[in-house]
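In the two complexes below, chain A is the common chain; its partner is chain B in one and chain C in the other.
Up next, the complex of A and B:
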C-alpha cells in the first residue's frame, strides 16, 4: 500500500497517543512486539477492497467512524459483566467473561482448574509464566498482508490465556463469553493465547455478545498451539447487533498427529469477518474448518480460511455454508496451500450458499495452490436456491411449501451444526437456527438490544 | 518401476519443439523502441485513415498512464519496451494476385508448417489467413467466400475496404482502456484478421488464421475482429508457432467477437508458440485479450483452446452474455512443462435473462511447470435464471510442478445456479498399472490417460484440429509422467 489513507492515519494517531498507557499496563514481553508490529501496520494500513483478501468486504463503513477506546480496564464495568448469564442452561462449562477485551478484575486474574489447566487473563499470565509466553506469544500470527493483525499486536494488552498441560484431558469445555458494552461507540482489541500441550484434549467455546445499542468495532487475534497428538476444538458463536463490526483472526498451529477443528457459527452481526489460518506443522496432522452464517437486512459476513499444508500426510477439510436474506451480502474466501514437500496431502473444501432474495449477494473464491504432486485435493462451490426436486418430493407427501422450504433450509444448515461435538450446544444451535429461519428470531436470544 | 517411470517422464518432457526453425525472408523493420512517433510510423506505413491514427494515439497515451499488473500467479521478467521492434513485415507484398507472387522462402515456411496456402490442393476446405510477424500475407478462398457475402481478409484490408464495419465494431468489446496489454495492442497493432458473416449465412468452411513470429526482437501485436450477424454461424481456427530463440518475445493480441441475434461463433485455438528450452531460456510471452459479446438473443460463443506452447501464457477468453438466452462456453486444455507458466481461464458475465455458461478447464503440469486456472463467473442483478457450471481439473505429472485454481464467483441474483468444482491429483498409478498389466508401456499408458483426461475438450475441436491437438499433447508431454 502506498500513501496512507485518512482512515489509517487515524489509527496511527491512536497508537501514538496511547502507547505509553498501553505499555505501562501490560507485561514487558507483550510490549516488546509493539514497535515492529506498528511499523508493519503503518506500511500495510487498514485493508481496503484493493487488498485481495478483502476484495468483497468494505471495512471503511466501520473504520471511518470515530470511536472511543480505552486501554486500562474500569473496575466498575466488570460488575455488569458478572450479571450476564449464558442462556444455555444445561451446558456444563468452565466459564470466563471478557468485557470489551479485558479480563474482569474482581475475580482472580488467573485460576487453576483441578487438572492443572490454567485459564485467565493473558496480561496476568505474561507476568506469571514468562517462559510459556515467550515460547508461544507472537509465534503463530504470521501474516504479510493483513494490517489488522499487526494493529492488534501493536495495541492489544489483554485477552484470554489458556494453558492445558501435557496429557491432560479436560472433559468440560471452557466457555468464554465475550461481551461488548459501553455508553459510547467504542473500538476494542483483544488478544488470546491458547496452548494445548502434547496428548492433551481441550475444547473452547467463544460466544460474542453486544449489550448496549452503540456502534462497536472489535479486532481480535487468537493464537493457538496444538501439540503432538493433542485434540482441540474451537467453536465461535457470534450473536451481535447490527451496528457491531467483529473482526477475528484465528491462527491454529498444529504439531504432528494432532487434530484440530474450528467452527464459526454466525447468527447475527452487522459486519463479521472471520479469518482462520490452519497451519499443519507436522506429519499426520488433521484439521477441520467449519462455518455457517445466516445473514439478513444489511449484514455482511466474510469467512476467510487459509489451510497451509507444510508437512506430508496431513488431512484438511473445509465446509462453509451461508443463507442470505434481504439485502445481506456474504463472502467466502478459502485457500488450500500445499507446499512442495507436502506429499500425500488430502485436502477438501466445500462452500454452499443459498440466496433467498434478489437483493442478497454472494461472492465466493475457493482457491487451490498446489506445489506437490502426490496429492488429492478438491473443492466445490455453489450459489443457488433450494433444490426444486427435493421441494417437490416433500410437497407431494403432503408437507406444505413453507414447511418444506424450512425443512430443506434447516437440513442445509444442520450439515454444519452436526459437527459440533458438545451436545447441549449442538441442540441449542439447531434450535436457534430453526427459530431464525422461521423468522421468530429477528434478534439474538439473550440480547437486550433491539436492532433493526 | 518408479525409475522406469521417471525416465519415461523425463523423455516425454524433453520432447523437442518442432517449429523452431527460422526462415530467411526479406523483412522490413522499423527501429526498436516505442514512442508516439513509432505509432505514427506504423499507421502511415499502413496508409491508415486519420480516425484510426487517432484511436492508436489515444490508446498509446492511455497506456503510458498504466502499470503492468502484478496480480497473476506468474513470474514475469521485466519487459523493456524500448528493446522491441514493433513492426516487421515481409517485403514485396504489393501485388499478391496468385500464389506465384509469394516469396518462395515464405511459401516454404508455410509448407514446412503444414499450412495449406494452395487452394487447389486443399479439398477439405479451410480458408486460411496467414499472418507472419505483423502482417497478413495471404488469405485463401477469398472469392469462394465472397460469393456468399462473407468477408474474410486481413485487418488492414478491412480498414481500407470496409471502414464502416471496422469503425463500428473495433474496440466495442475490448476498449483501448481495457488493460495494460490491450492498450499496448491498440496503439501498435499491425495486422490481423477480419471476418464478417452476413445475416442468415452459415459459413461453409472453417476459417483459419495462422500466426507465425519469424523475426528476432519483434513483438507481435495482431488484432482479430469477428462479427457474426443475425442467425449466422462460423467456426474459426487459430494456430500459432515461432522460432526457437534464447530471448523472450512478446505477443500481445486482441480478439473481439460480436455475435448478433441467434448467431453462433465457435473459436478454436491451438497455441504452440515456442515454449523456451528445457532450462526455461527463451520462449514467447503470450499475453492476449480475447473477449466475445453475445449481443443478441439466443446467440452463442464457444471458446476452445489447447495451450501447449509459450513460456508464459496469460489470457482469459471471456464471454459477455448480454442477449437473453445467450450461451457462453469455454473449453480449455493447458499444458505446462519444463519452466512454462500459465495463468489462464475465463470470465462469464451474465447480464441477460436465461443465460447459460459452461466452463471446462483441464490443466496438466509437468516438469517445473506452473499452471493456474483463474476464472470469474458473475451474475448481475437482472440476469434471472442464469446457469453456470464450471469444472476445473488439474493433473500433476512430477513433484516439482504446481497446479492452482483461483475461481471467483459473484452472484447477485437469487434465481441463479452457479456451481464450481475442481480437483487436483496425480496421474493414477493404478491406471498405469492396469495398462502395464495389459502390455501397454508406461509411456503409451500416460499418453492414453492424458488424452482421455483431455478428451472432453479435444472433442469440441474441429476434426483436423483435434488430430493435431492430440499429437501436440503427446509431444508436449513426451517423457513427463511420474
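Up next, the complex of A and C:
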C-alpha cells in the first residue's frame, strides 16, 4: 500500500481485522463482492477535498476519528438489537426499524405483505431469495470515483430489502426508521436493496434519527431497480444531531417508461452528504430529484446528483433548495450527462439557496455534459437573501417582519415539499419545516416514533 | 385623517419628491394623476413605509400620529393599505395562509381573538364574492402566475379583507378589462364609508367615472402642481399634460 493517507490505512486495517467475522454472518452472494470492492476502495481511499466530487466537503473530521464501535456484526449484536422495540406511530405505513444498520428482529426478519411484497432484512433475503438477489445486488452501485461506495460493498452486512413483484401496486408506503443509538462513538454502514418490478408502484420513506448524543458516522448505500412502466418514490427525512455525520449513496436504475423520484429532506445534522445517482436506462423514463435542507450553526450539507441519460426520449428534473443560517455551509453539485444516443432528452436543473447571514456559505455547481444534438436542457442556480420586495409586501399587510421572514422561508421550502405525493407526509414535513424555521425543533423522533 | 406637509424624499440620493403637501379628510376620495416618473408611486411608497425611499424633509401625520416613525406593519394595522402598482409574486406562500396571518395580526392589534378556521373561510368567501374574484385564485400561491388583471383584482380582494381606513390604490386600474375595471370600482364603492378615505393614483379618467373623486391632484416632477375638482380629470384626458407643464415652466420663469 503506497502513499495511502493514514485515515485510509485505518479502514484497510479495519477490513482485514474483521472480514472473517463479517463474512461468517453474511449470505454468500454478498460476500462474493467484498474482495474486489475492497481492492477498489484501497485504490480510491476515503475521499478528500482533492476529489472533485468532495471539493467543498471535509470528511476528515469524521473519518479521522477513532470510533469505539464499528458495528461489525456478532451474533450477540443481533440479539441486542432484538431487545429493541419501536412502534412507528400515527402515519399509515408499513413500518420497518433499522437499528445501527441491522434489522432488529430475529424471528421475523422478512415479512410478506399482501400481494406478495416482501420487506425486511437484506441479509435474510439474500439467503432466502438468492435468484432475486443475484439479479440485482451490486448491479447498480457503479462508481469509478467514490471509494466510500466500495467500502460499503466490502463491509456492509445488512440493511433493508424490499421486493415489489410485477404489477403490484402497494398503496401504503413503507416507512423505514433508521435509528442510531449507542453508548459509544460509532461508525455504521448498511446496504439497502429495493426492487420494483414491471408496472409495480411503490413508495418508501426513510427517516434518519440519532437517539443518543454520541459521535456517529453512517455510510449507507441503497440500490434501487425500477422496472418498465413502474412508479417509484423515495423520500428521506434526515434529522440527526450536530455530532452525527450521514453519508448516503442512492443509485436508482430505471427501465423503459418508468417514473421515479427521490426527495432528500434534511432538517438537521452535523455533516450530511447525499449522493443520488439516476440512471435512465430505457426509452421514455422520467426521473425527479428533489432536495431541501435547513442548516445552521456549523452544519454542512452536501447534495451531489448525477443524472445519466443513457437512452432517447427521457426526462429528468432536479430541484434542490437550501436555507443556511449562522455559519453553516452547503454544496450542490448537479451533473447532467447525456450520452450520444440519448436524442430527445429533456433535462432540467434548478438550485436556489438563501443565506440568512454573511457567514453562511453555499457552493453550487452545475455540470452539463451533453453529447447528443436533440436535447432540451435548462439549469439555473441562485444564492441570495430573502426577497426584499416580497418581505415588504407581506409587511404592508400588517404581518410583522419576523413572521414575514418565516413565511417567505417557509414558502421557499414548500416548493420542494409540495412534490411529496403522500399527503400526510407532506403535511408533516410542512409542520416540521415550520418548527425548524422557528427554532423549535431539536429532533422529530418524538413525533415519528415511540421507542421504549 | 392624513396630513402631508412639505414632504421631500430621495432615492439613492436623487431628489424624487420635492415638497408635497396634501390633506385627506375622512370620507374623501382623492385622485392623483401625473406623467410617468413624476413620483406618484414614490409618494405611495413613503406612505406605506418602504425603506429605500429616504425622507429628507417634511412630516406626515396620520390620525394624529407621526406616520413616518411607524414600521410598515404598524401602519397597516393602523388602517393604511397600499394597492401595489406591481403586486409581488410569492411562490410557496398560499393566499389563504397569507390572508389568515394578516387578518389575525389586524385582530390582535384591535384586541380581538383570532378568527376560527371556519369563520375565516366564511370571511374569505364573502369578500371573494364581493370583489368577484375567481375562487381558484385564492387557493394558489400569492400572485404566482396570476395575469396582470388578476393581480390587480387580488389587491382589491386583500383590501376588502383588511378593511382599511386609508387605502392608496396605485394604478389598480391599469391592465384591467372593462368588466374588471367595473368590478374593482364596485369593490371600492362597497368598502367606502363616511369614515374611510381613498387616494387613487391613475392615468385614466374612465376609472373616475366609477369612483368619483372629491379632489384631483396633478403630480409633476415631485410636486403637486394643480389641484381641482373631478372636472380636472376630464380636462387632462382631453388635453394631456403639456399645458400643465407649460404653466409650471411659466410660473418658474415668472
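In this text, the second predicted complex is superposed on the first by the 416 of 452 C-alpha atoms of A that agree within 3 Å, B and C clash if a C-alpha of one lies under 4 Å from a C-alpha of the other, contacts with A are read in each partner's own complex, and residues count from 1 in each chain.
Here is the rule we go by: a residue touches a chain if its C-beta (ideal position, glycine included) is under 8 Å from a C-beta of that chain, and two chains touch if they have at least 3 such contacts.
All values reported here derive from a predicted model rather than from experimental measurement.
After overlaying the two complexes on the shared chain, residue contacts for A:395 are found with chain C alone; chain B is out of touch. Touch counts on chain A: comparing chain C and chain B, the chain ahead is B. Once the two complexes are laid over each other on the shared chain, residue contacts for A:421 go to neither chain B nor chain C. In the superposed model, A:362 lies in contact with chain B only, and not with chain C.
With both structures placed on the common chain, the touch criterion links A:385 to chain B but leaves chain C unconnected.
By the touch criterion stated above, A:128 is placed in contact with neither chain B nor chain C. Contacts of A:94 after superposition on the shared chain: neither chain B nor chain C is touched. By the touch criterion stated above, A:339 is placed in contact with neither chain B nor chain C. Chain B makes touch with chain A in their complex at residues 71, 73, 379, 381, 394, 396-426, 482. Chain C makes touch with chain A in their complex at residues 48-51, 71-73, 75-77, 81-82, 84, 87-93, 97-98, 101-102, 105-106, 109, 141-142, 158, 162.
Chain A makes touch with chain B in their complex at residues 52, 56, 340, 343, 353, 355-358, 360-385.
Considering their complex, residues 387, 389-390, 392-401, 403-404, 407-408, 410-415, 418 of chain A touch chain C.
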